[in-house]
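In the part that follows, the structures are each spelled out as structure tokens.
Consider the two complexes below, in which chain A is the common component and chain B and chain C are the respective partners.
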Partner chain A sequence: MKRRQINLRHILMPFVVFVFALFVLMLAVYVYNSMPIFHREGLDIYLKNMWKAAEEPSKEHYGVLVAIWGSIYTSVIAILITLPLSLAYSVFVIDYAPKRVKEWLIILSDVMAGLPTIIYGIWGVFVLVPLLKKIVMQPLHNYLSFLPMCSYPPITGFSYLSAGVLLGIMVAPFASAIIREAYQMIPFTYREAIYSLGATRLEATKILLGYIKPAIYSGIILAFGRAIGETTAVSLVIGNTFNLSLALFAPGYTISSLIANQFGNAFIYEYMTSALFAAGLVLFAIGLVVNLAGIYLLRRWEANVRL
Partner chain B sequence: MIELALETRDLKVYYGNNMVIKGVNLKVPKNVVFALMGPSGCGKSTMLRAFNRLLELNSEARVEGEVRILGRNIYAPNVDPIEVRREVGMVFQYPNPFPHLTIYDNVAIGLKLNGLVRSKEELDKRVEWALKKAALWDEVKDRLDDYPSNLSGGQRQRLVIARALAMKPKILLMDEPTANIDPVGTKKIEELLFELKKKYTIILVTHSPAQAARVSDYVAFLYLGELIELGPTRKVFENPEHELTEQYVTGVLG
Partner chain C sequence: MSGYNVRKLKEKLFLFLIGALTVLMFSPLFHIIYSVFNNGIHVILSRRITFITGRLSDGGIGPAIIGTFILVFLASLIGLPVAFLVGVYAYEYPESTLGKATKSLLQIMLEFPTILVGVFIMQMLVVPMGTYSALAGALSLAIIMMPYVAVYTHEAMRQIPFEYRDAAFSLGLTRVKAVFRVLVPMAKRGILTGVLIGIAKVAGETAPLLFTVGGSYQTYQIGITKPVGAIPLLIYTLIQSPAKEHHEMAWGASLILLLIFLGIFIPVRLSLREVKV
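== the complex of A and B ==
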């Protein structure tokens, strides 16, 4: 008897369709629920910094610019922190750490990647924020307060900077996992080649990191995605204030911390829930843009460089 | 007395506890092609990497004895391996130009790292000079800013030769440079060797006795980490002293 041929594709297809449909439906829910606030505020929902909740719907006004700004600002700070951290960690683990230490360091960074974010949040509140306030914000404010970035007096320490640094630490294990993997996979012959040309270890490392640029881009994109979506820890250290500012030491909001903070009582008001959905929609858009930018970068790389 | 480019004295190399070069003494005169031949696994690549201290990339590897380059023992305590590598160029078994650097930068990189040129013009000139020496200039002069991905295997290998030559090394080490290259590319590189030995000393590793016979002036036969025979190429091929050598060059062995 002939065994019936099962086409694997037919089995896999429904799962793919399911995932895709889920995404489309989720996006649709966000768009649908954002409609009331779009009708009321138009683009101002994204272009203004305003949060007027009122029992009388006609007095309600919302604009989530501060949260968009805060999400991007803190995530960029996070990337600036994460990049050197994860590069240094990867290079150290692969090139310098003795074999046994190396395994432990890899486990350590995997554990850090998996820690619940509330753990980072609490640590941020009790350790990181006071520390940053004392050794970074206060000195910088004292000496450089003429710079807009340092102009805000660090009273509480809860700020864009605190959120950015905490995020940078939180997402570093993710960036580092990708970068480390790629760095380890560099064919030995390129290491030999660069050292045979009389390179120092530092010079060799620089050239070899150039070789894994695509992985570094990917690591950054992944880290950025995680940073911009992170909620719990950020809500604890950002200060949750409608304060649109370049000042690093000023409190602010991010999209996810805004949603987390306001969602609980949003049902009381006519338009607030809708405003929060509209804010959430921005995260979809940013996610899309960042990933497209990543694909563009990788394409451009692949067009030139064939490894 | 002939001036020596390289000399080893009781050279031993270990990987962990495993001795793979077992006390080799050899002398390489200047301005010759010196072939190091032997069956696969006999220790040719290992020995070559002892000549520029590249073995130090492998924490398992340990070297004993001396390697003298132009009279100086490069394993003496006060010698900086980076300085050694600057003077001893290397070409590898698998053509390995850096894929993420342009053709130009691949040649320029050693010069830049070591600060061997003072100006952009000088760098341009030296890159052109090296590419000409490697007989690649005519093929790439219009696309110096391209990446090497479109070059053929033979062209890539000549690019690597140019990369090494650009630093004007005293000795050029080549580890089976034609092993992964088509016959046309191989012929070009072999022709190049005749040109290059006027100015450089070339130590060429090969597992092919035929290639050693074609291109070298002197030949050493290495077997299981020991130097079996060494001498002028014609003499070794026509009148080998050692039975193993005879078996190897006639193709009976490995």
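== the complex of A and C ==
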């Protein structure tokens, strides 16, 4: 009789432990493979912009600063674009859209979130980049070229700006989903109370958005995490050039596009693989910290919320 | 009175603005779907069935389509059982330390940069084996699919009212039987949704395949240790080619991929009310 008692925990635990082990192994692989370049370059791998591949290992030098900068720069641009879109969308869907429209708007945002990134990529290359070049970059460069951000002539259109805009479009549904859900949780009595004071819709919305501030922050953080890890679409429109610059119209690199572009033939060189693993390690760390922060904020808000 | 008018004016402006921004948020989606259909349809129509079955040199993407199906099938075979059981664990032991950690880990993996998974599998599998393979690609996709399915499983089981749990135990069932014979069958619709969403997600992934599957478009290779192609990876390669003809094929392949994605995603999405992405 005793032998037939199978403990559920004993069945499930190995799989859970396996997944944790896999994740730890992944981190270990990145740390281990970054070691050779740390020994060689020290912290310079993260503090310098250098990419000298050579047949002789003694002449090789790597610094991935440009990729780290590019990842952060493009993701910040993406957030600046995503934030107004997802706030407006959340308010519109919850407060003003009729029921049927509301359902469709939610479905559309789910489709946007799930759409294969390569499809954003092909559209970005052949539609968005030429469009941005024509209606945004060239006019701005012509009239505002004294600003450092607009000083670079938009030759190809593949640039930080293009990557940032494309990312902004791609991560909008992720930020929206979090903000929308939080906004929906505000009880109706709050709205009634605000309107009974004679507030206009604008004033009411401002107050209501104030209640869900932590959720908005976590939506932004999680969208940033998505943007920084995105590879395919970005590497097609960023231009892939070692160019450390504030100029929005200049081509650059991001960590993920650097790996996507260089990893395939990195094994030819002694240290390049290791340099790319070190770059990957930064992305790993950023991804981990950003996501943990976003999740922590959201959980704490959900636990403490007294709406 | 004039102060009131300014407030009214601001309100009108605000209403217009949020409507306009909402339209702006979705206009790329519509333009993407329009562009893909517009540019892809004539490539497919002019080559007819060759486009679906032919090799790259015949002007077709047959091996890539087969490759995507092989990869998704293998990834499901590897990833789904693990994902399902991890999801059940997160539901059954929500208050334990490991249970809480599991939920956080799933959230992190959901957001994790997929390129890092691809590079990891390359180092662990492709380098030792000395060859790109369908197996390596499928493993990458399985790791990416896992958190989606686990989170959906967890959510689906949480929807079951607590009374059913009590009822199952009151019949004298063991915890194993209560979970797998009573609760899981009740949540099967939600779990199936998660499985399909996970499949739709990985079918369109490119980054984890870059260094794992190798990309083979001239021959039909069957065998899990051989390189295969995949539709998203083929599109990625074709876009980067300078030839105009390749760009046209990329649009055609994008249309096929879009149809596969929408074909899975839309029915699944319409069959339930609210999905957590």
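Keep in mind that, in the parts below, the second predicted complex is superposed on the first by the 269 of 307 C-alpha atoms of A that agree within 3 Å, B and C clash if a C-alpha of one lies under 4 Å from a C-alpha of the other, contacts with A are read in each partner's own complex, and residues count from 1 in each chain.
Assume a contact is a pair of C-beta atoms (placed from the backbone, for glycine too) under 8 Å apart; a residue touches a chain by one contact, two chains touch by 3 or more.
Just so it is clear, the structure is predicted and the values come from calculations on it, not from any experiment.
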item: Which of chain B and chain C A:Arg191 touches, first, second, both or neither; value: first
item: Contacts of A:Tyr211 with chain B and chain C, given as first, second, both or neither; value: first
item: Partner chain in contact with A:Pro139 - chain B first, chain C second, else both or neither; value: neither
item: Which superposed partner A:Thr200 touches (first chain B, second chain C, both, neither); value: both
item: First, second, both or neither for A:Gly42, with chain B first and chain C second; value: neither
item: First (chain B), second (chain C), both or neither touched by A:Leu222; value: second
item: Which of chain B and chain C A:Pro57 touches, first, second, both or neither; value: neither
item: Chain B versus chain C as contact partner of A:Pro148, first or second or both or neither; value: neither
item: Which superposed partner A:Val125 touches (first chain B, second chain C, both, neither); value: second
item: Residues of chain A touched, compared between chain B and chain C (which is higher); value: C
item: Residues of chain A contacting chain B in one complex and chain C in the other; value: 200, 203
item: Chain A - residues contacting chain B, complex; value: 187-200, 203, 207, 210-211, 213, 304-307
item: Chain A-touching residues of chain C, taken from the complex the two chains share; value: 7-8, 10-11, 14-15, 17-22, 24-26, 28-29, 31-32, 35-36, 39, 81-82, 85-86, 88-89, 92-93, 98, 101-102, 104-105, 107-109, 111-117, 119-120, 122-124, 143, 146, 174-176, 179, 197, 200-201, 203-207, 210-211, 232, 235-236, 239-240, 247, 250-251, 254, 257-258, 261-262, 265-266, 269-270, 274-277
item: List of chain B residues in touch with chain A within their complex; value: 49, 52, 54, 57, 82-83, 85-86, 89-90, 92, 94, 96, 98-101, 109-110, 113-114, 146-147, 149, 160, 163-164, 167
item: Contacting residues of chain A [partner chain C, same complex]; value: 5-9, 11-13, 15-16, 18-20, 22-23, 25-26, 29-30, 33, 84-89, 91-93, 96, 105-123, 125-128, 169, 172-174, 176-177, 200-203, 205, 222, 225-226, 228-232, 236, 256, 259-260, 263-264, 276-277, 280, 283-284, 287-288, 291-292, 295
